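Below: the structure, in structure tokens.
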Amino acid sequence: MTRQDGRAFDELRPIKITPDFVKFAEGSCLIQCGNTMVLCCASVEDRVPPHVPEGTGWVTAEYSMLPRANRERSKRDIAKLKLSPRSAEIQRLVGRSLRAAVDLAKLGEHTITIDCDVLQGDGGTRTASVTGGFVALALACRKLVEEGVLASNPIRHFVTGVSAGIVGETLMLDLQYSEDSRAQVDLNCVMNELGEIIELQGTGEGRAFTPQEQQELVRLCAKGNRELLKLQREILKR
Amino acid sequence: MTRQDGRAFDELRPIKITPDFVKFAEGSCLIQCGNTMVLCCASVEDRVPPHVPEGTGWVTAEYSMLPRANRERSKRDIAKLKLSPRSAEIQRLVGRSLRAAVDLAKLGEHTITIDCDVLQGDGGTRTASVTGGFVALALACRKLVEEGVLASNPIRHFVTGVSAGIVGETLMLDLQYSEDSRAQVDLNCVMNELGEIIELQGTGEGRAFTPQEQQELVRLCAKGNRELLKLQREILKR
Amino acid sequence: MTRQDGRAFDELRPIKITPDFVKFAEGSCLIQCGNTMVLCCASVEDRVPPHVPEGTGWVTAEYSMLPRANRERSKRDIAKLKLSPRSAEIQRLVGRSLRAAVDLAKLGEHTITIDCDVLQGDGGTRTASVTGGFVALALACRKLVEEGVLASNPIRHFVTGVSAGIVGETLMLDLQYSEDSRAQVDLNCVMNELGEIIELQGTGEGRAFTPQEQQELVRLCAKGNRELLKLQREILKR
Amino acid sequence: MTRQDGRAFDELRPIKITPDFVKFAEGSCLIQCGNTMVLCCASVEDRVPPHVPEGTGWVTAEYSMLPRANRERSKRDIAKLKLSPRSAEIQRLVGRSLRAAVDLAKLGEHTITIDCDVLQGDGGTRTASVTGGFVALALACRKLVEEGVLASNPIRHFVTGVSAGIVGETLMLDLQYSEDSRAQVDLNCVMNELGEIIELQGTGEGRAFTPQEQQELVRLCAKGNRELLKLQREILKR
Amino acid sequence: MTRQDGRAFDELRPIKITPDFVKFAEGSCLIQCGNTMVLCCASVEDRVPPHVPEGTGWVTAEYSMLPRANRERSKRDIAKLKLSPRSAEIQRLVGRSLRAAVDLAKLGEHTITIDCDVLQGDGGTRTASVTGGFVALALACRKLVEEGVLASNPIRHFVTGVSAGIVGETLMLDLQYSEDSRAQVDLNCVMNELGEIIELQGTGEGRAFTPQEQQELVRLCAKGNRELLKLQREILKR
Amino acid sequence: MTRQDGRAFDELRPIKITPDFVKFAEGSCLIQCGNTMVLCCASVEDRVPPHVPEGTGWVTAEYSMLPRANRERSKRDIAKLKLSPRSAEIQRLVGRSLRAAVDLAKLGEHTITIDCDVLQGDGGTRTASVTGGFVALALACRKLVEEGVLASNPIRHFVTGVSAGIVGETLMLDLQYSEDSRAQVDLNCVMNELGEIIELQGTGEGRAFTPQEQQELVRLCAKGNRELLKLQREILKR
């Protein structure tokens, strides 16, 4: 069994990150992972939600699919008057992942909202949102320092995300939609630059999986995350 | 008084239309008018809403701004649980304009929905949605013919839209946001390839305007629409 | 071709405006244009929305149809949990039209909301809402002056609205529903007492129309608006 | 203690019922009880909700206040995205009351919806909705017979409603708002033409009340209902 | 005719009240009336809604059915995006009933919310909510006194609720679902410890009823309420 | 460092499962894990959602907290008109976990909905919902077999869930709220009776964690899940 697009089992799809894709947001990028395209925009506001302790900041995320991001058109959330439960689940994951990247005390009383809007979805949109969302977040933080709003950069560490899964009985990195839709097991892993785990979500959709299989999937993800980290570093060096 | 970006008073902003910006929609393009960027996607479905006479088709549009399309982030519709009234107004205009372009009998029992999502808004998003939306619509219709779903192309005529306004006491074509926000009068005009009017909306935000001024604004729009039509023809020739 | 109700092509339906139809609102009237009946109520509040500059006031409108205003019963907005997009479009038009009638600086930090509730709809409800809404607004402003809340009347000019259209190939003033529903072209025009345009909306529902046709429709509307203005003056003289 | 408007304690406010106030509904009237004004419209549809047994019909009601029906403007339900709980309570009462008036088997598979829209509210709007709603319902049923849709009139008996209360320590019939707002006890009573009770709702807002007081309030209501019944008969005789 | 469960016509179902069923609420109980089970929780907050006069408190109630409380599963309110109109009606009744039990001036600027969640519904849930809700309310008030938040207990009198009805032509106390669903007449009666009425709601679902029948139903309810009062006293003595 | 309630680090809280806590649902139980109490009800319907392949069944879950389940009262979802995003996330997890327990082909065209309503929340409500939800599901499946609706039991394997975390620097099983709220790392693990993983969610709220730590947390969960499995077997043996 080989992969449809000829990739090795531990190979990422071609990744492209275009920083500053839009210009009004404090930070933005368009991230493309194969056919998956997510526009990530970081917006800074000078106030924090009520539950945040005085003097500290907040980082949150919103995630949405454009109606024709997928093979079939889906209705907008507003037409159904409810946030898609899948989007709710994903934006909580993205928010926790990116919040972990920031020293909220250093951020001071600012909220940074990362909007992740999927222009095209071909698998892996939630982890692309984490990886691209981090770039938008880092660009916004840099701007806050350059403009003298913050004394020092509140980024604590880089954050990347990638998925792995078991298709047939083969373990594979970075599932595209045609693989994801028939995967037995699907696991998303968000890591920092030390290879430590920030978020881990594994689902036995087709069958249960052993702790050993789970470890191997994490190891595959670690490889992918190292490559994504390298790309983020290049983009942000400029 | 000269324009901020050095344009002549009857000059359009630089326009760029990228067809097939996303690949799952039956037709799509990214239209850029200066800093304004709208992603237009046409989706075809094999059924029509109940109010449509048997045997004929339907064309409709949806319009939305991404939360950080503008200088300040705005909440998503779903967070407020209501479609922005401005979006409601605009998508009705876009829908009527594009519906007028199609012979609904020839379209047969299909619905084409044009999603216009503003990635960046710098004035003129509703008319850019009409102009770009027509390209997406035409690409989708061509595909329906190529795939043998339709016997002949149901497009009756091209459709373009542009705005003009009175800023200070000067009449100008294609207002960008910095002009639009202080315009006395604002007029949007959608036309077909014969220079006939399909939709006309004029508002005296700062002062009332005379029928003579109104005619001159329509004449300015006619000039802009001719140039947009030329660009559409080039794009669709390929 | 003659009109169903025997009117001349440039003749308004019989108009009746009953001021103070209800007594709690600061200003109110029932406007009847043929079978169309709209209850217009002006309510004054001592605060303004956040976007309004300090020291100035605001005028806004809401528009709604009672469920059995039409030939068929329609569900209430609340049953569908969404403001009818048509109502959203119309109340923005009515709000802009009536706001243009008022010197917002003279109004001071007050909001006047004009509620236009259609008791019976037989075509022309949006322009009847403008014409009747102006009467309610003017009565409310007069009351604010009489009660010493305002030093001088903030009304800048009268505002009236009427529609014209092309039915068959005939241009007609003030379309009733049976005409409107088969009109090729429909144009609404809101004017001040000088015959200047405040709002203009033209739609080629059945076919596109030339700029010349558009001018003639505006001229028809100007005639109708002059007659509506005369009636407003009589009502408000009392 | 005398009543503000000089009425006797067992005296109704002046009542006026204008049948056919609007013309598209199958039945309609405007009912005025003092300053309270409710527009009641009956709409007939050729289908019934799923819970209704085959071959039988349904009668239901909707109740709403226009935003400026009262001394202060209130937001529309749709602006708050929820049906006012008070309206929900009232329309269930009106629906049960009017349903009881109809032989649902004779009505056949039709639904009659009675829309009660309060144009002005000065106390007693729910019972005015019952009394006026019955007139609209009876007019619609008559029309169904006249048009041959129904073989015989499905009205089983007349239905009227009125309130009584204890203000200070005085029992009074038909409270207007100024009385209602300071009543100790408030009781609404819907009766048929035999003086039998269809709906009864009593509330000790200011203090609890004895069963003896409750009986006297019902007796007061019975007097008022007899007078309302007489007026309904006159209106419907025409 | 005898009752399905062998009860006498004026006999309550077995009642059990478990105080402090949950431990975080300031007061709580589980009330069981036959198969009907309602969890009642009283929550105290240090602020009052805007409409409450300065220095006084507020008591309110919310009522809801769990989706599988009944013989058939029903959708959650949030899935339909609307509060069930029946719940709206009931929670207004429960709120008025319990508010009447409290001296709001003595309560000071606190709001007590009584949540009544029906775990199982077999008839009489609204009156069980009143009876159980009072126990939760009284426990919360006692706690406020014990903790020194209030100087004296604001409870003015006990409150209980029970239903009676006419099934066939027999008057019965405390209808269970199998009786309620075929009752001709249904009456709910909330009383204080003196046997005075606080809330009364009677509905002639199957037929109208005479004032004499109504009195007898109130007398039946008075008997039931006396027994419920006795149980409340025992529970609260501890 | 010892645990507040004196438990060993790898020790579960006292667990109690009361089957058939309510009687109308096809299967139900009340599960108590320390102070956490969740009512789980399984409802069977004879139809499946549109996305389910013909001839197969569906299992889904809903999760909600009663307003006073926690130390502070929270508003109901319906008052905010949105499903809590946390509930959305959790019910998707519970649904996937329980769906994995069932052979959907054997279930045939039935939907089983597991409602998990938290009566009291003291940490671990999502995993208690899985463990208790499985009992409700298994009871419902048994009933379907006993009643002859299904030929054989569609349960494929048992499912249990438990959490573990790192508090301070100590790994602990089954966090209660006081531990959970200050945990550095939190991991939920759903397993089958073979100790294979069905769902895994780990979050580094306070700090990132190594793959080694992650493995140890899974091992702790495996121990807890074995004990929960034993309890489920006893309950279901009866």
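Each chain gets a letter, A, B, C, D, E and F, in the order it is written, and its residues are counted from 1.
Please note the rule applied: a contact is a pair of C-beta atoms (placed from the backbone, for glycine too) under 8 Å apart; a residue touches a chain by one contact, two chains touch by 3 or more.
All of these numbers come straight from a predicted model, not from anything done at the bench.
Of all chains in the assembly, those touching chain C and also chain E are D. The equivalent interface to D-E, defined as the listed pair sharing over half of its contact pairs by residue number with it, is B-C out of E-F, B-C or C-D. Between the two copies, chain A and chain E, the C-alpha superposition involves a rotation of 120 degrees in steps of 5.
Two copies of one sequence, chain B and chain C, touch each other mainly through matching residues, since over half of the numbers at the interface are common to both. Here C-D and A-F were compared by C-beta pairs in contact; the pair with more is A-F.
Per-chain CA centroids place chain C at a distance of 58 Å from chain F.
Mean C-alpha position of chain A lies 33 Å from that of chain B. Looking at chain A, one finds that residues 81-83 touch two or more other chains. Across the complex, chain B is touched by residues 21-25, 28, 35, 37, 39, 41, 43, 45, 62, 64, 66-71, 73, 76-78, 81-83, 113, 115, 117, 119-120 of chain A.
Residue ranges of chain A in contact with chain F, taken from their complex: 81-83, 85-86, 88-89, 91-92, 96, 100, 157, 187, 191-192, 194-205, 208-211, 214-215, 218-219, 222.
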